[in-house]
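The same chain A turns up in both complexes below, where it pairs with chain B and then with chain C.
Then we have the complex of A and B:
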């Protein structure tokens, strides 16, 4: 009974405990509305990239190019902005570039039955090279029009626009995955590919859709990151890759039994974001932050595993 | 009775712990943020700054984001929330941090740059004159090449300081039509020595003939070290390498007759001293001396 409860809500309880702990240790700086909004803006990129990873994981595959896609998206959006393209179009085209790349990855993997691990790793490497070629290795920041960073820095009724965009993305992806036939097919393929195929699902198409969606989200995140920084670094999104999978794996331990799910991923990203924010506020050295974050991920996955063992 | 004694003892202990901190003035806290703490030079600057802070009784808090600019912006917001007394950004372009610098200004927290570049909103930045260093090491190398030959460039343009040096090379190349750039490679950071060594091994394999490569220009010392190691391992002679930074490893290799012929010794500890002096002034309510302060660099070549 307790183990089942722990398995289902353990990660959520851990998140609450972490937040409560930081609030007790830093009642003024950490436990404030301002800081909560701060965290919501800081984790925006992680949440969307982790959501991208979750979609592909739901189809039973991995997309290791999400970090490189984010870097490319940022550079594409910033360079278009410099060339005077309307800002909304910059974001849309960056997203489209990601969608196209995801589509190519998906088609390669499903048509030639390639391993997604290797294929997306290679695609990521290609993208890294392309991004360097596009920028000559330099940060894109000169002549960026003031409208470009506006979204990344805007607030609506005191809430960062980035946080609202992230929320909209999560709800949209959650709805797509759980309430529409294409989304349910993605889960079916991820759950049992053979059974899905026998049931008449075009598994290749569902997987390709997942990769395309992942590409779109990752590249769009890069554009948002560039908007927030008012500049695009050729490796700007690369750092999101590992935390995104950490968030997605943490998310699998929340709500649903070992199944990638969007709201679980959100909880995972919140844990990672709150740890980084709280430990910085408490002036914990960076190396210790890494140790603590890694240990918490291991702990969460172990608790979930223990629960599963008890059930078996 | 033992209970009361224990209570007294606890009270005395608590008081003795609390009293000194209650009597001492609230120490100033300086947050030091960088995406490149792994770099030897960045590390040296941070160590020097921490030393300066210690001498003045300030607390320091070092945050490293391993090359991630988005994280750097987030962590800067966190230290602003924790109401530190001053922020120092080390070895990073301040442009992506514009919003955070504005937030720091709003919170009345001064932002200093250590080898970072200066933008409005910051108190000041201390660095070496990267353009001047790029120019002087390039001139030295081009003279050593007698104004002609095949040049390999190992650099990292995303770093603002290295970019300025590389731009000085770009400018000098226009005046030397006899010097042909075989290839320019961006060195991976972190891990620049190993990466530049591998890159140089491949470049040497691709250009096997004698004189196919005359010299290697590198943006800082770590790629120079990697390139020199590759050249020595391949048994190639006559290829000249230059670095910039004057790290102890590169200086040692110059003296031992490795392919590295020269480096410029940046005075990193002095940069941190300059920043600490300006932080001190700001803490005392005085204005900074200047928004850009330069620590002079000195040339290191093989001693006869």
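Then we have the complex of A and C:
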């Protein structure tokens, strides 16, 4: 009973311990409402991109283009804003570009039975080139209307709007995955594609939906990031890719015992974000932060494995 | 192979126990095996057979009791130690590398013979051929395992297990995917190994096999030894009642066929007619038959005859390239009960509830949102109706025992209310009670007007359940037998073709011997 409990909630406990540890080490700078809100804003982009990765992992595939999609989304949104397109439409069109890209990836993978690993790596490479071509390699920041960065900087009752948007996104994706037929089918395909097909599920459609959703979320994140920064770099979202997968894999160790799940991913992203924030406050050098984050991911998945092994 | 008086048995278990979590999987099991003895182990799914095998092969350590090997107490720190004593196992799940040749698989995990620092393939091949000759086998060693027939794979696995002479060979359901004919090949091999002095612990659900092959039979029930019989001491009836713990009610046993020659029920309207059907990949070449409403049509054939492939073609999972399929109007909906329920039937990481409702999500959706209550109710009903044993409907499907997993697959199919059931070995490796339940379910569905196609390697099962039997050979339908013409002998003759028919006179088992 206890091992089972630990397998489900161990990662959550670890997150609590990490937070408690930093609070003890830095009772004023780290342990404050202000810093908590700060972290929630810092991890907003990571959470959404990791959620995108989680959706595709739930379908049993990988989308390695999420970083490139975020970069593209940021550049598209910023360039449209520069051309005077209304801000809401900038966000929508950036998201649509991601959705379209995800559709293409999904259709390629399911129609020709390609490996998603390779296909999305190639799609990401293509997107990187496209983004570079769109921007000429330079950051988009001139003539951005003031309305564009407003969302990234706004607060509601003291809470960053970015954090609220992120919360809304994860609740929506969680609801879709766990409380609607398309979500159930995505999990079924990811759990056993052959059984899903024999049960009458159109497995190609479910997977394509997962890729499309992933593209939408990743590109939308890029637009949010551009809004927050007031500018868009052609490689602005690339750095989100690896931490997003770290968060998603950490998340698989939480709640669902080895199954990708949105709230687990949130916990994973919180762990990564808290580590980055706390270690910075403690003035730990950046390279050491990466070492620590990597080791924690390895530790979490090892503990998960050990727990599973004990059962058999 | 009887040891000199007073010699200790090869293997002896004394009040061996093993608990898994809170449950006792084995409770003070006593069992002994002499050198060269063929010892059968039978029991319902979940009776503890798999756990016992894991203990004997050193995969898990017992929690109590003693294991003696040639009279000496032993404790295995891991599988390697059991291997070193000469304990070899062939597991229910295939443990071969599909992309390696048979020869490469024979040497998996063993030191390769080397010459000048390189693998000496010639020595490997020579050793393998020598062992094949000793055992009367003739497997193609250069062919990739993925291109072998299921029988060849089983035999390759067996050959791998006994490449070095062993003292005890453990076989877990080795005939589950074999036809009767191929099973005979396997039995001959086991007898030959027994003559070499290698004991065998043989786990099977097919009681006729067990009675035919084994020197002794031990029946497990609920992790305990429920009964033990010597050669020819037990009947199938006795084994079943020992397994189930229910005294026979004087009624007919599950395995007893309905009297042959009984006229089939008058068939209903034609549901489906196939004319010269062929699949694009050539596994089905020329199959014709008509299935009627209310009928259970058996499908029999040797391994590789295209039985599963025919069902998959009918289910639309395999593309057809020639021939026609005529469906009744309105076209009946079809469900496939796949042969390998773990690989193709269940989503193991999902709960029982989610597995049951997977094909009928629309019934449980209100305004685009899944109703947990509605799903719960439906899966709870399925659990009660089919007597599925589970902690709750939220238990993960992968944690259920084999027979209960099969019931979950059937519950999902039932929810679809199909007009056509395509069942591929639905009772394979399930216990006798589950098998009866599955037969009852299929009969009930047929009585309600569905058509059932039942593929089974167990000819006795088909003769018992099916009104007609379609015989396939090399992708072609070669006979459609019914009524007085439907006998074991006739089905086997149709399978083995004209060569056997000419040999004439001999009964069914004679035909098998000739064909091998």
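FYI, the second predicted complex is superposed on the first by the 312 of 312 C-alpha atoms of A that agree within 3 Å, B and C clash if a C-alpha of one lies under 4 Å from a C-alpha of the other, contacts with A are read in each partner's own complex, and residues count from 1 in each chain.
We adopt the following convention: a contact is a pair of C-beta atoms (placed from the backbone, for glycine too) under 8 Å apart; a residue touches a chain by one contact, two chains touch by 3 or more.
The model shown is predicted, which means the values in this text are computed figures rather than measured ones.
**Q** Are chain B and chain C a fit on chain A, or do they clash, once the structures share the same frame?
**A** Fit - chain B and chain C, as placed by superposing on chain A, sit side by side.
**Q** Quick check for you: in the superposed arrangement, does A:234 touch first (chain B), second (chain C), both or neither?
**A** In the superposition, A:234 contacts chain B only.
**Q** After superposition on the shared chain, which partner residues are touched by A:259: those of chain B (first), chain C (second), both, or neither?
**A** So A:259 only meets chain C here.
**Q** What is the C-alpha-centre angle with chain A at the apex and chain B, chain C at the ends, nearest 10 degrees?
**A** Here the answer is 130 degrees.
**Q** Figure out whether A:276 sits in contact with chain B (first) or chain C (second), or with both, or with neither.
**A** Only chain B is touched by A:276; chain C is not.
**Q** Would you check which partner chain A:205 touches, where first means chain B only, second means chain C only, and both and neither mean what they say?
**A** Neither partner.
**Q** Under the stated touch criterion, which partner chain does A:192 make contact with: chain B (first), chain C (second), both, or neither?
**A** second
**Q** Between chain B and chain C, which one contacts more residues of chain A in the superposed model?
**A** The partner making contact with more of chain A's residues is B.
**Q** Check the residue A:179 against both partner chains and state whether it touches chain B (first), chain C (second), both, or neither.
**A** Touch status of A:179: second partner only.
**Q** Report, in whole Å, the shortest distance between any C-alpha atom of chain B and any C-alpha atom of chain C after the two complexes are superposed.
**A** Nearest C-alpha atoms of the two chains are 36 Å apart.
**Q** If we count contacts the way the header does, which residues on chain B are in touch with chain A in the complex?
**A** 29, 31, 37, 59, 61-71, 73-75, 77-79, 81-83, 93, 95-99, 155-158, 163, 186
**Q** Touching residues of chain A toward chain C in the complex: what are they?
**A** Spelled out, the residues of chain A in touch with chain C are 179-181, 184-185, 187-188, 191-192, 194-201, 258-259, 311.
**Q** Mind pulling up the chain C residues that touch chain A in the complex?
**A** 21, 315, 317, 336, 338, 343-350, 354, 358-359, 361-362, 365, 368-370, 412, 416
**Q** Using the touch rule from the top, collect the residues of chain A that touch chain B in their complex.
**A** Going through chain A, the ones touching chain B are 26, 29-30, 32, 34-35, 38, 42, 45, 132, 136-139, 141, 149, 153, 225, 228-231, 233-240, 276-277, 280-283, 285-287.
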